[in-house]
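Taking it in order: structure first as C-alpha cells, then the write-up.
Just so it is clear, A, B and C label the chains in written order, and each chain counts residues from 1 on its own.
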C-alpha cells in the first residue's frame, strides 16, 4: 500500500475508534478525551505557525483565553447562547486580535518574535486580570452551555457529555481536513516556502508579510475555536487560561507530537495529557505526584534535546524501515 | 500630587528600574553574545531571593547571606551552562525556548520541594532600617536608596568591564564575530560560560537585595522574566545601554501607572513596547 | 540601439561611513549582456542588491521602463519583471527541483491567494515551471530533492527559478562561482541563449566567460565605475589596466 494511502486509512480508523469511544468509556475518560481533542485543535493551530510558516509564537494562549472570554462576555448571562453565532463571533474576535497584533509582531523575527508574542499575550492576561471587564482574577462563570439548534430542533444537547464529545470530534476532524486542504493549496505551499527560505520567497515576488499575516490570523481564529470549546467544557473562564504556561504547554504538544505534520500535534496533545495524568497519579508516584511538574520539566528537556522531530518523526523512521524491508523482500 | 509624593514615586520608579536592569542586562548579554533565548532567567532571580531568605535565616544577616550566595550562583550558572545550555548554541530558537521552559518547571518544583510554597518576609538589615522624613507624614526608606546605589555601582562596573577590560573586548568581539574570536585563539567556550554565569549571578543578586522589599514567594521569577523581555525588546537585543534606558522607562511607567491609573497599570508597559515596535522594530538601541 | 529597459543615475549606497556604491549610472537593454566586473569588494553585489530591492539605495534613481523603482521592496521589483540569482546558492533545499520552480512560477499566478484547490492543479503554473527547468537544462532532475543536487546543478536551479518568474531583466550574480569547466561552458551557452529575449546584468569573475558573452562591460573599483563600454574598448583602457590589474595581470587572467 502506498504510504499516503496507509496514512489516510490509519487516520480514518483512529477517527472511527474515537467516535465509538463514548459508547464504552466511563464519563471521566470521555471528558478527558474531550479535553485532549480540544487541545489537539489548539496544537494544530499553533503548528500552522511553528511547523508550516516558521513563526515561533510563544503567545498562543492569548487566543485560547480570548475566545473563552468572548463567549462569557458576549453571551446572555442567564440563558444559553446559540452556538451558531457565538462560536463565529468568538473566532472573529480572535482573528481581529491576531490581525492587529500581527501587524506589529510580524515586523520582528527570531528571538524578538518569540518575546513580543509572549509580551502581547501577557498584556491580554493583565487586561482580564487587572480590570473589572472579565471579573478580575476570579474570572466568570458560564452558567449555560450554548445551544445547537436547527429551527426548533436541537441537533445536540451539549450538557450531555457524549453529545459534546461528538461535536468536539467533528470539529477536530474538520480542522484537520481544513488545514490539510489549505496546506495543499498554493497559499499553503507559499507558507512552507516562507518557512524554508523567507528571503528567497520575497525575492521571487511573494508579498511575504501578507502571507504571514494571513497565516497568523487563521491560526488565531482556530486557536479561538479550541478556547471556545474549552470554556464550554469547563463552564468558566479565568486569566489562568491565557497565562504563558498555557503557551508553553501547547508548544510542548506541537514538538512532542512532531511539528510540520498535522497528525503530530494531535498525537502530541494525547501524549501530553496522558503524561500529565500519569505523573500526577498518586497511586504510581505517591507523595511525588504533587510535584508532577518536576517530571514533566525533565521530560520536556529530554524531548528538546533528543526528539526534535517528535513522535511523528519516530513513526516516519519506523515507516521508512518497513518500506526498506519491503523493498528488499520484493527485490531479494 | 504634591512634590514629596511625586519625589517618592520618582525614587521608587528609578529603584524598580535599576533592579530590572540587573536582571535584564544579563538576559540581553546572553541573547546578544550567545544567541540564546533563556526563559529560565527569571528562575535565577527567584533562586537568589530564596537563597537570601534561607541563608539570612541561618546566619542572621542578609549581608552574610549575600556574600555566601553570590559565589554559589556563579558556580550554579557555570554548571548549568556546561551541562545544558552549551548544547543549544547551534539549535533553533524553538528548542531553546522548549528546553529552558522545561527548566522553569524543574526549578519551580525544586523550590517547592526544598523550601515549600509559603510566602516569606526577609528583614531589612538593621543598619539600613531607617527612613528619611520628607514631610510631616511622608518619609522615604533608606534601604530603597541603598538598593538604587548598589544597582548603579554594578551598572558602572558592568560598563567598565565591557568597555575597558580585555575580557570585555573579547566579549564584544565574540558578539560580532564568533569565528574571528575563535581564530585568534581565544577560548570562546570559556567566554560563553563566563557571560552566562555573570548573567545568572546578576539576576540572583537582584533577587537577593530585593527580597526584603518584595518578600519571597512561589513563581516570583515568571513576572520578572516577562517584564525583562519587554525591557530587552524596547532596548534592543544585546545592548546593555538599551537595557538601562528601557529599564528606567519601564520602572517609571509602571510605578506612576500603579499610582495614577491602577486599573490599567499592568498593561502600560506592554503598550509602551507596542509603541516602540511601531517606531523602531529592532528596539531603541538595536541594530536593524 | 534599443531603448534601455533599466537605467540608473548616480546610484549610491553608504554603510555608515563606507561608500559601497558611488554614483553609478548604467543602462541595461533587452538582447544585451552587460557584465559588471571588478575586484572583490568593488561593490558589484551591493549594486545587484540595490537593483533587486534587497537593499534600498542611499541616493540616486533606478528607472525600470521609465518608472522609478528605487527603494521598492524586492517582491514588488520582482513582480515588475526583474529576476535575480544569488552568488551564494539561495534555493529551497528540502524541496524537489520541480517544486522550487513551481513556487517561483506560482508567484506570477494571477490569483496567488487561492486557499483551496490543490497547488499542483494549475496547468499554466506547472507549464511555466517545466519550461524553466527545460531552459536551464534541469528537466532530467525534475523530482530530485534540491539538497541532493551537485553544486553546478544547484546553480542551474538558481537560474531556472529566476526564469520561472518570467522576467524581462535578469540580474545574475556570479552564476559560474565554484563550477567546473564543463558546467561553466554549459552555463555560458545558457546565458548566451537567454540574452536573446532578456536584458542581462552579469556579475562574474571568470574573464573568459565574460568576454565570451558580454556585449558591454562596466568596470567597478571601490564602488565607482572607472570604465564602461564595449569589451574591446575596456580591454584597451589604460585606466582599467592600471586600477583593476595593478599592471601585473591581464584581463585574461
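In this text, a contact is a pair of C-beta atoms (placed from the backbone, for glycine too) under 8 Å apart; a residue touches a chain by one contact, two chains touch by 3 or more.
Fair warning: this is a prediction, and the values are worked out from it, not measured in the lab.
S.K.: Specify the chain pair with the maximum number of C-beta contact pairs.
M.R.: So the pair of chains linked by the most contacts is A-B.
S.K.: Using each chain's Cα centroid, which is most distant from the centroid of chain B?
M.R.: C
S.K.: CA centre of chain B versus CA centre of chain C: separation in Å?
M.R.: The separation of the two C-alpha centroids amounts to 49 Å.
S.K.: So, what's the distance in Å between the C-alpha centres of chain C and chain A?
M.R.: Result: the chain centres lie 43 Å from each other.
S.K.: Averaging only over C-alpha atoms, locate the centres of chain A and chain B and give their separation in whole Å.
M.R.: 33
S.K.: In the complex formed with chain B, which residues of chain A make contact?
M.R.: So the residues of chain A in touch with chain B come to 50, 56, 58, 104-105, 107-108, 110-112, 114-116, 118-120, 122-123, 126-127, 129-132, 244, 248, 251-252, 255, 259, 291, 293-294, 296-301, 303-305, 308.
S.K.: Could you please specify the touching residues of chain A with respect to chain C in the complex?
M.R.: Interface residues on the chain A side: 181-182, 184-190, 193, 196-197, 199-208.
S.K.: Enumerate the contact residues on chain C facing chain A in the complex.
M.R.: On the chain C side, the touching residues are 52, 54, 73-75, 78-79, 84, 86, 90-95, 99, 102-104, 106-109, 112-119, 122, 125, 161, 165.
S.K.: Could you list, by residue number, the parts of chain B that touch chain A in their complex?
M.R.: 31, 35, 37, 39, 84, 87, 93-95, 97-99, 101-110, 112-113, 222, 226, 229-230, 232-233, 237, 262-267, 270-271, 273-274, 277-278, 281-283
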